[in-house]
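Here chain A shows up in two complexes: once beside chain B, once beside chain C.
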Partner chain A sequence: MKHVDEYRDPHAAQKLAQAIRKVVTQRWTIMEVCGGQTHAIVRFGIQDLLPDSVELVHGPGCPVCVTPLEMIDKALEIATRDDVIFCSFGDMVRVPGSRADLLGARARGADVRIVYTPLDAVRIAADNRDKQVVFFAVGFETTGPANAMAVHMAKTQGLRNFSALVSQALVPPAIEAIMSAPDTRVQGFLAAGHVCTVMGTHAYAPLAAKYGVPIVVTGFEPLDILQGLYRCVLQLEQRRAQVENQYERAVCEAGNTAAQALLERVFRVVTRKWRGIGEIGESGWALTPEYEAFDAEKRFGLADAEVSEPEICISGLVLQGLKKPADCPAFGKQCAPDHPLGATMVSGEGACAAYYRYRRKRAA
Partner chain B sequence: MCLATPGQIISIEGDDALSRRGQVRFGEAVRDACLAFVPEAKEGNYVLVHAGVAIAVLREDAAARALDLLGQIE
Partner chain C sequence: MNETKALEIACPLPLNDHRHIKLAHGGGGRMMQQLIEDVFVAAFDNPVLRGGHDGAVLEFPHGRSVLTTDSYVVRPLFFPGGDIGALAVNGTVNDLTMCGAEPLFLTASFILEEGLETEKLWRVVKSMRSAADAAGVSIVTGDTKVVERGHGDGMYINTSGVGRINHDTRVGPKRIAAGDVILVSGDIGRHGMAVMGEREGLAFTTPIESDCMPLWSTVHAMLSAGIDIHCMRDATRGGLCAVLNELARGSSLQFDVDERDIPISESVRGACEVLGLDATHVACEGRFVAIVPRGDEERALYVLKSQNESASMIGRVLDGEPGLVTIRTPIGGRRILDMPAGELLPRIC
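After this line comes the complex of A and B, so read on.
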């Protein structure tokens, strides 16, 4: 496939790894923010190509992983109502809430449907006017345009039976939270390419300057990631801390301004809770007053409940790059992808799940 | 979950900015995609599609430059 295959050439990957080895003179710890990149790093064995002195730690950029337990409980509460068709992306339906998951609810008779795009949920609402259709609008900035478009379409079509359970998270405040933690080990970042495709790169320059960290906006294929790492290591070695864009074919400084225009209309910035991490100021989106009528939490009058994570799980530390999955006593034992205890084992892009899937395969 | 897939636009319909959509080919598969956020996209262009919505037109000149650079690494 064009724009994919060219970036998977193993020979070029070796050469890039060699180039990194040539410039590196000391230990560096670099975080890839995005779960899609974590997945590619573990899948293609990128850490194994790197010199020991370059350590990758995995960031909080998996929206499935950071959706709070309370939110999943709310999804379950809505989905199990008789008058509801509950629509979700596939990777959310396996995530355990404090008592059950959406797939389990479906097995017990709830109408839970997996959709490829939120726009399908709007079509389902148009076709089922006697039902309430709720879309679980989970995502980072990348998914914002699709989620915003769904809500906007429902409004323009006058669909009173459509609403969205919004769990949108924002990347720059998460980077800020990681860098302001006193025990952070992160010295450089690969920023998530597709988040920047939508939002542009300007939010990162103040972070690079404030914390003295290089931030390289990076794509998702193996050569993208290796090139992003090369540029990050080079900056670290030269004691520079700038924003660079490795992923120029898909990211420009301003981002997608047409998408941003609708995002600004549909969403406002709010404080939100991140599963495994806790509350981060101004790190999420909620619907603006103009679109509030489509807020599922309001429509169904759901209250916030306090729920707690399993005590053994260290996913909060994994998401902040402070620990690796294998440091967790439950890893691969009480906790595995088909019976996950924590956020990062749930989604295929969570660090624990990626390690479980690929590390074990290679060890075998 | 933030993965987006590059595909080639094979047809475009709808002239209202927010209802613009089209058929996009990903390897063997062809899918419908919302093109509202890529007003500059034309048939034949490659777009990055996430959750059924195109979020960027891929820049061929930038891709060529990146591959060129990769070819020069020793």
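After this line comes the complex of A and C, so read on.
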């Protein structure tokens, strides 16, 4: 398939892997930030091509994984109301809250619908004026513009029966949180390409300088990731710490300025909780006063509740690159994709779920 | 008395996990497998059922026959390349075929929803007739029920089928041996993507048509060519991936396939890339996996290709980790090809 196969070429992959082997002289620990990259690394067996001295740890960039339990409980509370049509992206519906998941709620009669774009939820609201239509606006900066556009369209069309349950997260504060942890092992980052397509790359230079870490904005195909790793290793070996853009075919320094203008109008930056990690300052988005009327939490008067995670789960440490999935005593035993205990096992892009699906036994 | 007592078995499904049946219990993945094993096999256990085949192989004094049944609940009723009627005939014909039986007779039961347009029913029934003619089977008896409006998606169909085994090749998971070669009869994933595209209103640049078709003529050609088919299974719900996992488990052997050899049309690949789906998880309705002994693979491939040019040899059976399926990735890595969990869910980004 054009524009895909070129980035999965086995000979080019071997050449890049060889180039990495050639420049590396010591152990380096590199974190890929985005869940999509984690998924690709494990799905294509990229680790099999790397020298042992390059260790990959998997970052917190899976929006499904880091959505707090409390937020899923709120989604369930809204979805089980008789007057509600609850719309969500596909992989969010299988994520368990503290008691149930959205698929389970649907099995018991809730009207839960999977949408492919947030605008589908707006259309459903227009077609069902007697119902409250709630969209679960989950994601990083990547899904931000589409989610913002849905709220903006609902306002423009005067759809008073539409609202959004917002759980948006931001990448740069997460990198900052990981690097400022005293025991961090991360020495270089592959930043999330699609996040930068929207936001540009300027937020990363101060981070690279402050913490002395190379940050390579990287795509999602195997050759993208191998090239991103090569450039990151090269910087580390040369004791450089700069922002580089491997994903030039989709990312420019300024990003998508039209999308940014919409984001700025619809969202304001807030402190938010990350599942498995805890609260990170200025790391999320909530609706601005202009769009507050579309905030589902306010519309349904939901209160914050404290929910605790199972004690055995180490997903917080996995998300910060301090542990690997297989270090967990529950991995593959009490905790598996059908009955996840924590953040990183719930979505296909979570590190634990990806390891479980693709690598739980050495595929030798 | 004793019989009543024997049936007083505690429900073995972990109730805390699944207090209600979810859609994923019918998705052809791990959850369905667990439901079948823990509830149905536990309750109905007998030697024929334990055969673990798509149909029941019954030994009669005059020879072996196969009995199978399947229900069809597809929404929408009509989709590119087929409809619920063609599916109801071909699905059951293929279940018989996968047991190595020549399909002969079908039954057809209709559960119709109050309000269904009779014109639609007629279109479906006509489609069943032509599918039956094409597959060489007769629909010999049936049943009709009507349920209240809102209690069904227009129409559900159940078909049962009877077929006859008129050759000596024993086909089943237990015959799979290390060294066997794994083939697939054509490009995968068309049916699932065609239905998903129609249901969700996704517009594909190249229209994707269902692969719904009967498989007996292909299998008959393989048997006539003297190929000692060890096992066959059609890749329906759960796709190619579920079939490979079921057969690896059923044979207690390791299956190793090469991703580059799995035939997938450009349009299905494109749609899967966009939706974040794995094409090996997507349903087919006219494709099967054949496992043949080493030495028979070239002839098997020749016969398969004469019916469908995209047929391919995709891997081997190994004497490795029992029940494990491994896949070589396009860039030369290797990973597990795990059983799909249940419902196919598109990813966020």
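Please note the rule applied: the second predicted complex is superposed on the first by the 359 of 364 C-alpha atoms of A that agree within 3 Å, B and C clash if a C-alpha of one lies under 4 Å from a C-alpha of the other, contacts with A are read in each partner's own complex, and residues count from 1 in each chain.
Keep in mind that, in the parts below, a contact is a pair of C-beta atoms (placed from the backbone, for glycine too) under 8 Å apart; a residue touches a chain by one contact, two chains touch by 3 or more.
What you are looking at is a predicted structure, and each value in this text was computed from that prediction instead of being measured.
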item: Touching partner for A:Leu119 - first (chain B), second (chain C), both, neither; value: first
item: Partner chain(s) touched by A:Gly36 [first = chain B, second = chain C, both, neither]; value: both
item: First (chain B), second (chain C), both or neither touched by A:Ala250; value: first
item: Touched partner set for A:Met1, first chain B, second chain C, both or neither; value: both
item: First, second, both or neither for A:Val64, with chain B first and chain C second; value: both
item: First (chain B), second (chain C), both or neither touched by A:Ala259; value: first
item: Partner chain in contact with A:Thr142 - chain B first, chain C second, else both or neither; value: both
item: Touched partner set for A:Ala19, first chain B, second chain C, both or neither; value: first
item: First (chain B), second (chain C), both or neither touched by A:Asp91; value: both
item: Shared chain A contacts, counted only where both chain B and chain C touch the same residue; value: 1, 4, 36, 63-64, 89, 91, 116, 138-140, 142-143, 194, 223, 349
item: Contact footprint of chain B on chain A as seen in their complex; value: 1-4, 6, 12, 15-16, 19, 34-36, 61-64, 89, 91, 116-120, 138-140, 142-143, 145-147, 149, 152, 156, 192, 194-195, 197-198, 220, 223, 227, 246, 248-252, 256, 258-259, 262, 347, 349
item: Touching residues on chain A, where the partner in the complex is chain C; value: 1, 4, 8-10, 13-14, 36, 42-49, 63-64, 89-94, 103-104, 106-108, 114, 116, 138-140, 142-143, 194, 222-223, 337-339, 348-349, 356-361, 363-364
item: For the chain C and chain A complex, residues of the former touching the latter; value: 17, 20-24, 30-31, 200, 202, 266, 269-270, 273, 275, 321, 324, 326-327, 329-336, 338, 341, 343, 345-349
item: Interfacial residue positions of chain B with respect to chain A in the complex; value: 1-4, 6, 8, 17-18, 26-27, 34, 36-39, 46, 48, 50-53, 55-56, 58-60, 62-63, 65-67, 69-71, 73-74
